[in-house]
């Protein structure tokens, strides 16, 4: 890879994702408009064709995910994006991508839910993203940026991971990430991805046996075998675990939070540290694979509180990760309310106090 | 008698090389097999075997890739036109065709086919209209004839509750992105020859990037029509063609 | 004279071929193949012209048609 | 902790509050500071309220949203009602008194800068530049950035480089900045 | 309720569900065919109109779920059914039903997945059913029958619960349940449900203020408030927890399994009990709400093993339920392979042995 | 001047009682407001206020229930025809109408509208065609004119890549379940009067259970067309009507 | 003479009403309403016939039209 | 534990194996026993294999699927290949030797009942009744149900009550039952 003429620009998270896709060599993008992510199709409708790629405003989210499936079968880099209700509509397609072992990037800039909900930020689609809203035992890699820079960087990484594992990868952000502007350093790299799928992609059966891409396995035991293989691959993905730690050197209480809430929690932690409380932050960057090992490690010396902009979803993964070590408290901000650092203080201090009591009890 | 040509003999009919020769899983007298072969033949005769990418669908034809020996991808039920769009946009110089049943195309996939045609994607869709959901056991399809008994219209399709059969070729012909749309059958030799001409025309439309090409095949499903193969074959000519007249409904191919 | 060869293991006994043969050369046999289908056969009395109609309509690619080469045929007549 | 400041800029859609936020963000970025800009708008197409939050810091920024801002730029009455109670003790508040009644300003607010921005802009030839007036005032009142830094990035944020437009905007900002000295004292 | 002329008939699980729906007073049924549940629409296409109800073979699964939404808004009892890929397509609609607080019964007779998969039995849609395959923090009540009789009974219960909570309810079965025949006792009850929705359903604004059914909450904080209310309702649902226990009086190892696997495990347990092993079964009948309390109780005296016909999904709920008490082993049969009692023996005995070792260690 | 009638005065124009009178959230010059009122007026004049059930959709008209004061349910984006089908089957003697934009109806909801019409459901769908996705910020719609700039067709809609605009009224008129299909506009008093007639006809079709009724309104979206209200209003007459001619395309109502 | 009443708080100044008035009785005022829209008004010189065209086209239901009662009108003439 | 028995009935689609399973299930139900019937079929439309499992018990039934069955009814060769190795020690196996070569039967199988069911049915006038022949044989060989119980439910399972058809089926079953005595001994 060869970095040329890096530039910094002040852009929305949505635009950062679009630019990240271009930098990653995304050749086709398909989507159906929906707030708060429409900046992505709007940006790419102009830029992608200018760079020789294909943009289609699909007739629906279902159309879009299946167009992506077609491109993926040809081994080309493709992306689609939407927001919560639109992502629900893509679930069948995502399951097919996973079942057919096809790479592709799916962006979900979530909104207030369920139903039509609102366009407020929300983290209510964590379950859907990490546990498969679609049918079957498949898994997606799920990346959760919390800054515009990370949105850009992780989008590039998402494409690489998608092709490394031949698997769909999701970028999970919210209305805050999508609409916020921050300076973003763009790395104009020239990456040659033209051969990355040459071993398996469709291109016409010229000078080689024909190829077949499918998710149907009817022969006795064939599907079970296929599923075993998929599960092995998902195990393999565990090495991609990624997270951010903040102020964990001496922390006694650890806040676990992802995406926008992760960075908002950072503000709360700064406020509390200013008052002498030793609080740290654990921010999962990969939601699947969830960074369980490191968190379990930290749980040995920290009481945990998970904070989410939902009714409690990631907290399941936190509790599962630390289940033989400890547990986690939970503070949820319901979608429809903007999460604010000030509102996090009391719940965190509550855990701090419990923690101190336990410590004192232990001393006695 | 030998299965190989003898001295002074030449093979007057053999499977095209684009076909694998595997035994089909279709019921006796099912027209899917004939249609598969015609497609393979036309692929071969147009030299498209090495550039073709087949987009399969879900229905009795789900195993098309076992018979037509070209690169293939399986689309979710109803979404072949969207998948084909993706394939064609990724590889604009390949020959891309989809194959869909009437449940697949006219029910769940109605939006995808119409929008694909309307965009004028340079792909070819083969539509096999047997007036039922064959694979799942003979339920009513959007093309089921009025009065026809199926497992979900046990008293016959009812205009009042179920509406009338959809004429897909005509609908698609009304869209500006369509270069070619016609309806054919394979119940007689004459119709088979006609169908082959239509296929070649459709392939040409795509190769010359003139837009979307579409061929509807009327097709017998003896099993779900609860007929013998011969009865079903005849039924195509006597009954299906009344609601679904054969013909070319749009042809802008040069 | 031309002839056909029926790949009996493929034949499903649908009889579509019998409806298109201009020579009425095809008929159902009494033989079952391993899949339990009664296969067709060319009847003895008839002459096959090698028109291949039967093969064209056969949904199961069960018929190969051999045509006498032009020269050979001419010599024969 | 180093430098840190934040501001909520609020008004009707169409008053150009998002532009003000953008300009500030550009200037901060140009200066090598960390910055976030976060717009919040209603779903109503027109006539709704709009606001944005800009956070500027030497340190990595946590929350791009601010519950209790250090400063405010208030362009209409509903915005005053919503945000004035949340302004931090000792915070700075620039208020467009062409639209917001003077009487509504909390007397105990120290850094309150009432400015008849529409009128001032009108006098400068274009009532639409009211946003530039309050921007100038905010820059002067807070001192985090200086006017030259703002002027430099204006074409970037405007996406325009028409010299006459730029210069008119400069004048509006200057007027706003000039207004601070006088009014800040008589202000409340 | 008034039972009249009860009859026993030998019917498929699918038919039991269809008959249960009729017995529950289901007035409208909409579906799109898919194996292995097509017996349901086939049966109801004849029977429902005969009883004055409405049957539509919808143009798609999406059409079907939204027709159901329309009926539900009128306060009438309606059902739709499908299998895995078709259920994925209904996720947006389900989220809308939940967000709009509308009652309706959704049947998922699952198949091998992901993608097109196969028509083998599978429990791979547990996550999707219990955690919301759709967007947002909604929850469905999920009932998992393991016999045809239970399929019939729980279908009736599903309608009652749907209206009691104004919430979608899912029946989660698999190809075994759907295709198996067993004797089923039908209770021809006459239940008058005509007034059950009179307080909120649409009927035309005659002699009352107009009514509005929606999931959009745009005003500041309105969605958060709505979500708080929904969460309170989901808490309320916890009293519906239901499960079956088998041979738990003296058990030391407890198998946790649901649906068809639950009954297959019963055979395995009988075999092992025959050899003197004290094994018990805990079979959740409600998957949401998961019967956590009772399971936690049992976990105090039992080592647990969760067995599923998937790669491990319910085991998360098991582990979360017992997390401060113990843990659970897991044995998964991949979809595409028929689960068999014999195959369960070794994994169960493995837990038995570990358990004995621990017991011995404790004694020493 | 008084807002109340004075002696010797009568109110020559007032809001129908089926309307709530709430101020609309629409942009200045948006035709949605006019169309809402016409619907309310015709509901009132046909005495349907107490039997009507409105099926809302997602688009700029999402708040229709704030203005038309009848029982209402909100359908997911594009699914109003399916929801309306459910409502009508549940309550066959109520008056059921849906209201959808062009993104809602002709893009994501294309299959639902076509199948609803084809089944001949006794419901009325009002289709507001403003050639863009209004609510989400002016993206290209299936009805966007060739060459029209939108936020996702920055160089103008391109026949080759995007296909041509869909003429929904004509498509729906071609289905046998349709009792009535017409296209109207509200840019002039004459067209408004015509539109009202069409509405009444459509309502009659439903009340007499004659099948599916459909009215397409050409509608101005000044905001996303980047025009003044007056320009946009004129644009409807000068430009939209060229691609989308006003007229009745099917009428089997007695 | 008939007259109209403009509910100024509702008017969005779109001016559609001005295009349909046969009497050209409507014009934009210089007044802004609280939403910032310049409202329309009936101009002084013109006569309103009470035809209600303006109200018919107003997207915001901002105009009420009062027509002189037949009898009254007749007496007036 | 009380009475328990299970059987897998397997053959080509079209040989009526599912009907045999249904009949057994009906008879068991009628007798007041617990019963499950579980069909398994390929996705191929025609010509595929089909099999079903029937479990009959006095106790509540756990698994409706059986890995190692106590008895088998085998109508064609692929079914024999698949299921014969799984038959329990001492299990009973009825095999249609009109289609399955005698040579394939495992010599060590004790309760193996080879019956030329097609031929026998043919002799009774209808080769399609081969399934009734093996059904009769199974009933006789296992003794779990008796023939009268089967006959009673036949109209139910057939969904037909045409007397002549019923009687023909009875004769076929009887022939199967009669065949057991003789053949079971000479059998292997």
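So that you can tell them apart, the chains are marked A, B, C, D, E, F, G and H in the order they are listed, and the count of residues begins at 1 in each.
We adopt the following convention: a residue touches a chain if its C-beta (ideal position, glycine included) is under 8 Å from a C-beta of that chain, and two chains touch if they have at least 3 such contacts.
Source: prediction; values computed, not measured.
Peer 1: Spell out the chains that contact chain C while also contacting chain F.
Peer 2: Chains in contact with chain C as well as chain F: B.
Peer 1: Tell me, please, which two chains come out on top when C-beta pairs in contact are counted per chain pair.
Peer 2: Highest contact count belongs to chains A-E.
Peer 1: Calculate how many whole Å lie between the centre of chain D and the centre of chain G, each centre taken as the average of the chain's C-alpha atoms.
Peer 2: 40
Peer 1: Provide the C-alpha centroid distance between chain B and chain D, rounded to the nearest whole angstrom.
Peer 2: 64
Peer 1: State, to the nearest whole Å, the distance from the C-alpha centre of chain A to the C-alpha centre of chain D.
Peer 2: 35
Peer 1: Please list all residues of chain F that touch 2 or more other chains.
Peer 2: Where chain F meets two or more other chains at a single residue, that happens at 26-28, 30, 62, 74, 76, 107-108, 110-111, 115, 119, 135, 142, 161-162.
Peer 1: In chain H, which residues are in touch with two or more of the other chains?
Peer 2: In chain H, residues 43 touch at least two other chains, as defined above.
Peer 1: Residue numbers in chain E touching 2 or more other chains?
Peer 2: Only 35, 56, 59-60, 62, 85, 92, 96, 100, 115-116, 214-216, 218 qualify.
Peer 1: Give every residue of chain F touching chain B within the complex, in rising order.
Peer 2: 107-108, 110-111, 114-115, 118-120, 142, 159-164, 166, 170-171, 174-177
Peer 1: In the complex formed with chain A, which residues of chain E make contact?
Peer 2: Listed in rising order, the residues of chain E that touch chain A are 62, 84-85, 87-89, 91-92, 95-100, 110, 112-118, 120, 122, 124-125, 127-128, 131-138, 214-218, 221-228, 230-231, 310-311, 313, 316, 319-320, 323-324, 327, 333-337.
Peer 1: Quick check: in the complex, which residue numbers of chain F touch chain G?
Peer 2: 1-3, 5-6, 8-15, 19, 21, 23-24, 26-34, 37, 186, 188-189, 192, 222, 229-230, 233
Peer 1: For a test of understanding, state which residues of chain A touch chain F in their complex under the given definition.
Peer 2: It comes out as residues 32-35, 38, 41-42, 45-46, 55-57, 59-61, 85, 115-116.
Peer 1: Can you tell me which positions in chain A touch chain D when the two form their complex?
Peer 2: 8, 10, 35, 119, 176, 179-183, 260, 263-270, 338-343
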